[in-house]
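Data block below; observations after.
Residue numbering begins at 1 within each chain, and the chains themselves are lettered A, B, C and D in the order written.
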Amino acid sequence: MNPPTIKPMYYVGVAVAVVLAALLPWFAPNQFYIHLATLGCMNLMLVLGLAIIARAGQLSMGHGGFALVGGYVSALLSMRGWSPLLSLFIAGLVAAAIAAALGWIILRLRGVYFVLVAFAFSQIAVLLALDMSFVTGGANGLVGVPPISIFGHVLLTKPQFYPFALVCALTTLLLTWLLYRSPLGTMMAATAENQRLTESSGIDTHRVQVIAFTIGSGIAGFAGALSTHYLRFISPDSYTFWESVSYLTMLVVGGRDGVLGPVVGVLVLTPLPELLRATEGLQHIIYGAMLVLCLMFVPNGLASLVQTWRSRQRVAGTGAAIVAEEVT
Amino acid sequence: MSMEIILVQTVVNGLMVGMIYVLMAIGFTMVFGIMRIVNFAHGEFYMVGAFLFAILYGSNDVPFSISVLLAVGATALLGLLMERIVFRRFRGNELNGMIASVGVALILQNSVLLMWGSSSRTVPPVISGVLSVGGIVFPWSRLVVIIGAIVAVVSLNLLIGHTRIGRAMRAVAQDAEIAQVQGIRVDVIFPVAFVLGVSLAAFAGVLMAPVLSVSPFIGLAPTLKAFVIVVIGGLGSVPGAVAGGLLIGLIESFAGTFVSASLSEILQFLVVIAVVLLRPQGLLGRKEREA
Amino acid sequence: MLEVRGISVTYGALTAVRNLSLSVAEGAIVSLIGSNGAGKTTTMKAIIGLKPVSCGEIYFDGERIDGASAPHRVGRGIALSPEGRRVFPQMSVLDNLLVGGYSQRDKAHQKKTLEQIYGYFPRLVERRSQMAGSLSGGEQQMVAIGRALMAKPRLLLLDEPSLGLAPIIVEEIARIIVDINRDIGMSIILVEQNAKLALNLCNEAFVLETGAVALSGKGKDLLASDYVRRAYLGI
Amino acid sequence: MSMLEIESLKRSFGGLVAVRNVTFNVNEGDFLGLIGPNGAGKTTLFNVISGVLRPSAGTVRFLGRDISGKPANQTVRQGLSRTFQAATIYPEASVIENAARGTLASSLTGLWGGFLSSKWRVAAEEKAFHVLDLFGLTRRAALKARELSYGEQRRLGVAIALASDPKLLMLDEPVAGLNPEEAAELASVLRRVKSERGVTMVMVEHHMRTVMGLCNRVVVLDHGTLIAEGTPAEVVSNPLVIEAYLGKEAVHA
């Protein structure tokens, strides 16, 4: 967990990847690929949110619940005439505020309790959405959510929406990366690795975990809202427990530390359900099997394979330097 | 209907649902207490038990008692298989064990879905008619559930409290290292506890199958209830699971009858938050030992 | 009857016991003394099988046991009363004792052993249905020793039986240790912080320092030597 | 001047009293040894002082301020740091990162400070390198902490605590498990830390030779009670202390 020493090569790689992603609408054979890429962007945001929570040593099984809250907040506000661009951010803030309150109460307890209560919260969110039909439309959900418009440009079609989703996802990625390098990110990593020692280094680890939960859930709220304006629809089924599980799967399969893991997880797993749509059930079985197999054989995720290779090079380098020093 | 009858029926319903929750929560809390695994797949074993029973008894007219035995036995075997293949590798790793159980839940639920489809099945009542006491009628179909669950809880209690293997299980839950020094093989106790927990869940599923309709998606709700109950009653505490289960069952029944079902869910969540705030070790739980 | 040959035990980067050898004769009391962190408890854990040895061998009755699991070694006739007592707090005294007899399947036999233990510790009779966690430290120590005896061991490992107990209780427990050794002819390894107690009770003693045997000899001889005082007080 | 004042401190767990009515002071510039036989309540006392446990009764004053029951993260920021016996490091992080994490509380410009720039890290690592240098770990800086030898890991644990710039450093059995050479090395590092940084120290330790060599004052605990206080030489010749350590001749077999 060293601050990564970034070589120019990585900058070039990242730049090429970003340019390729941005140019997708021009070389995608049909709109389905753009749709997939848009889903990928939103999944990436959700998984990054989960990754931030995991960075501080916690696991949220209620991630979908915050996306659901965000989706409804933004849909309801924009359907009452608010600018969707504004309501996206309000959605994120509402989700973050709920997470802050919930986190402050439950993060004092052992990790298991946190997981159980966060899970229970997400189920409550679904039930509320079902039950308060006078505002939420009940099981039918809300249809006709306004599209996002930026300075008069209405993002109606897939090629119109995709660049916006990409910008949102890349911004989240960049901010997460900056967060990981910041003192707060360092505190989060320290808390996850040895909470008692971190506490003894003068850091309020409870506060650090609450902040991580708040940020991560806020991102989920924003992403849920974004997706609602993309699909122009939200219902209680949009984010169930199984959605939370799929983000968790992406995170575990990709890797839990660093920002590379979520990217890898999203790239590997986003296309899967869409490709297997015909066989109901099979995609979930594959998700489940990947989750279990990854935990057994690559517990740090696919991205860790790259990191192990890189750190082996690094250690070899340091070792050589020490030997050289000793010889002279 | 007079108020009296409604009240009694509400209580009976609450006890029925509550006892099912007790069965779920005891299995869940036992697996956690002994193996330190939060089993998100617990409800899927309930679903599998209910499904097998629906197929055997409901669709193929297999005699009742044989259906019960086969449904619970087959689910127990499935549990043993999962313990062998998956869970034993995550002993002592709470976080990854929990994530792996989510994977198992996905696999179980969707395997049933692939094999038998998503449509829900109904199971004919095992027994019909009513028991009438002093003008108040109790439907036998519900009393059977309550009695069946009580029998299961009592026999489990006897097993845990008064047998050699039960003492060994309690010893492992309290101090696994020292239990080994008493000659107890934890690699035997773990699968026994897991299979026992799974069997309770499957039995709960069997009991509920004639009352509810059965589909591959019915596992999540009782899992959530088990969570809520163990947080309220104290993680790892069996008496806590009993008290919590009955409490939640009654809240649900009363709120469902007099207000609305979703309000009762919210009420339960608030109870959880209140317990977490005021008595984090749970109503009947023990404080984690300090230092 | 027990022979430990050159064992080492590690915890991660820490080597807690290095190249340690000792032997226990049939019917003997052997003491391991030394300051905290000297490796006494780790040695006990290695003998009972809770910690694997990284090298060296352990023989019991001439058979090599260092690869066997702890339950297996209990079946062979070794039992441990652990440091800090570690009774099962949420189980009754009787249940604690019965768990100790887990490896003895013969019920009549078990009952006889139980009565024998109640004979040594009459106080446990009145406490038998009480939760072990609610007992005083001295009573918990009796439960821990009784629990170990229930396995009918031929070699009893006692780890710090006097830890944190009032002197009068220590005296009582010491007397019972001697009785058990004399009556049943049970071999005992006694780990103690209380050096005078341990050296008085034993036939032979080993002084441990940073994971290795620094000195061994007859208990009475060591008691007279300066070395022990230096090992403990650094003077 | 008294830096740390412990007054009538008591701590019990359920019915068990681990520390009873303990009173003593630590003066500025002291190197105080806290000793006693196994189970005497030293670690409990240590944990109560450093804020890991709440006292059942009594007060702890640090630099004149009452810190009894204050969480550890606050006392550290006032200048009281501690080490642990076990798991004292971040095993998966590099050695330099370990030390840098120790500086977080003292070098911070708020939680969000340095979100965009990485200046804070340069400063933190510079500080961390100074500490590593003092502990002879500079060459190991790039390794993961778990790759260090046990002796080095223990030294790193003290380095992390020192990185927070404490006025008072509390060490929990710093030489436990170390071989004599490693113990001597750590002792000399501690002596250097004391002279170069002027840090007041309190140490719980079983290894008497280390205590005798380092401490100017010793406090002895037995069964949760303070039984002796004085210079090392005074304490080891105190009959009460000898009895506590070696025991009474309880039984004549």
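Criterion: a residue touches a chain if its C-beta (ideal position, glycine included) is under 8 Å from a C-beta of that chain, and two chains touch if they have at least 3 such contacts.
Remember, predicted model here, so these are calculated numbers, not experimental data.
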**OP:** Would you mind naming the chains that touch subunit A and likewise touch subunit C?
**Re:** B, D
**OP:** With contacts defined as at the top, give the pair, B-C or A-B, that has more of them.
**Re:** A-B
**OP:** Compute the distance, rounded to whole Å, between the mean C-alpha positions of subunit B and subunit C.
**Re:** 42
Original post:
How big is the gap, in whole Å, between where the Cα atoms of subunit C centre and where those of subunit D centre?
Top reply: 32
**OP:** Would you mind pulling out the distance in Å between where the CA atoms of subunit B average out and where those of subunit D do?
**Re:** 48
Original post:
Residues of subunit B touching 2+ other chains?
Top reply: none
Subject >> Of all residues in subunit A, the ones touching two or more other chains >> reply: none
Original post:
Listing for subunit D: what residues touch at least two other chains?
Top reply: 52
**OP:** Within their complex, state which residues of subunit B touch subunit C.
**Re:** 164, 167-168, 170-171, 174-175, 177-185, 286
Original post:
What residues of subunit C sit close enough to touch subunit B in their complex?
Top reply: 48-50, 69-71, 74-75, 79-80, 82, 86, 88-91, 95, 98-100, 102-103, 147, 151
Original post:
Considering the complex alone, what residue numbers of subunit D touch subunit C?
Top reply: 15-16, 37-39, 146, 148-150, 153, 173, 176-180, 206-209, 211-212, 223, 236-237, 241-242, 245-253
Original post:
Which subunit A residues qualify as touching subunit D in the complex?
Top reply: 1-3, 178-179, 181-184, 186-187, 189-190, 193-194, 196-205, 211, 314-315, 318, 322, 325
Original post:
Which part of subunit C faces subunit D closely enough to touch in the complex?
Top reply: 12-16, 35-37, 136-137, 160, 162-164, 166-167, 170-171, 174-175, 178, 192-198, 200-201, 210, 228-229, 232-235
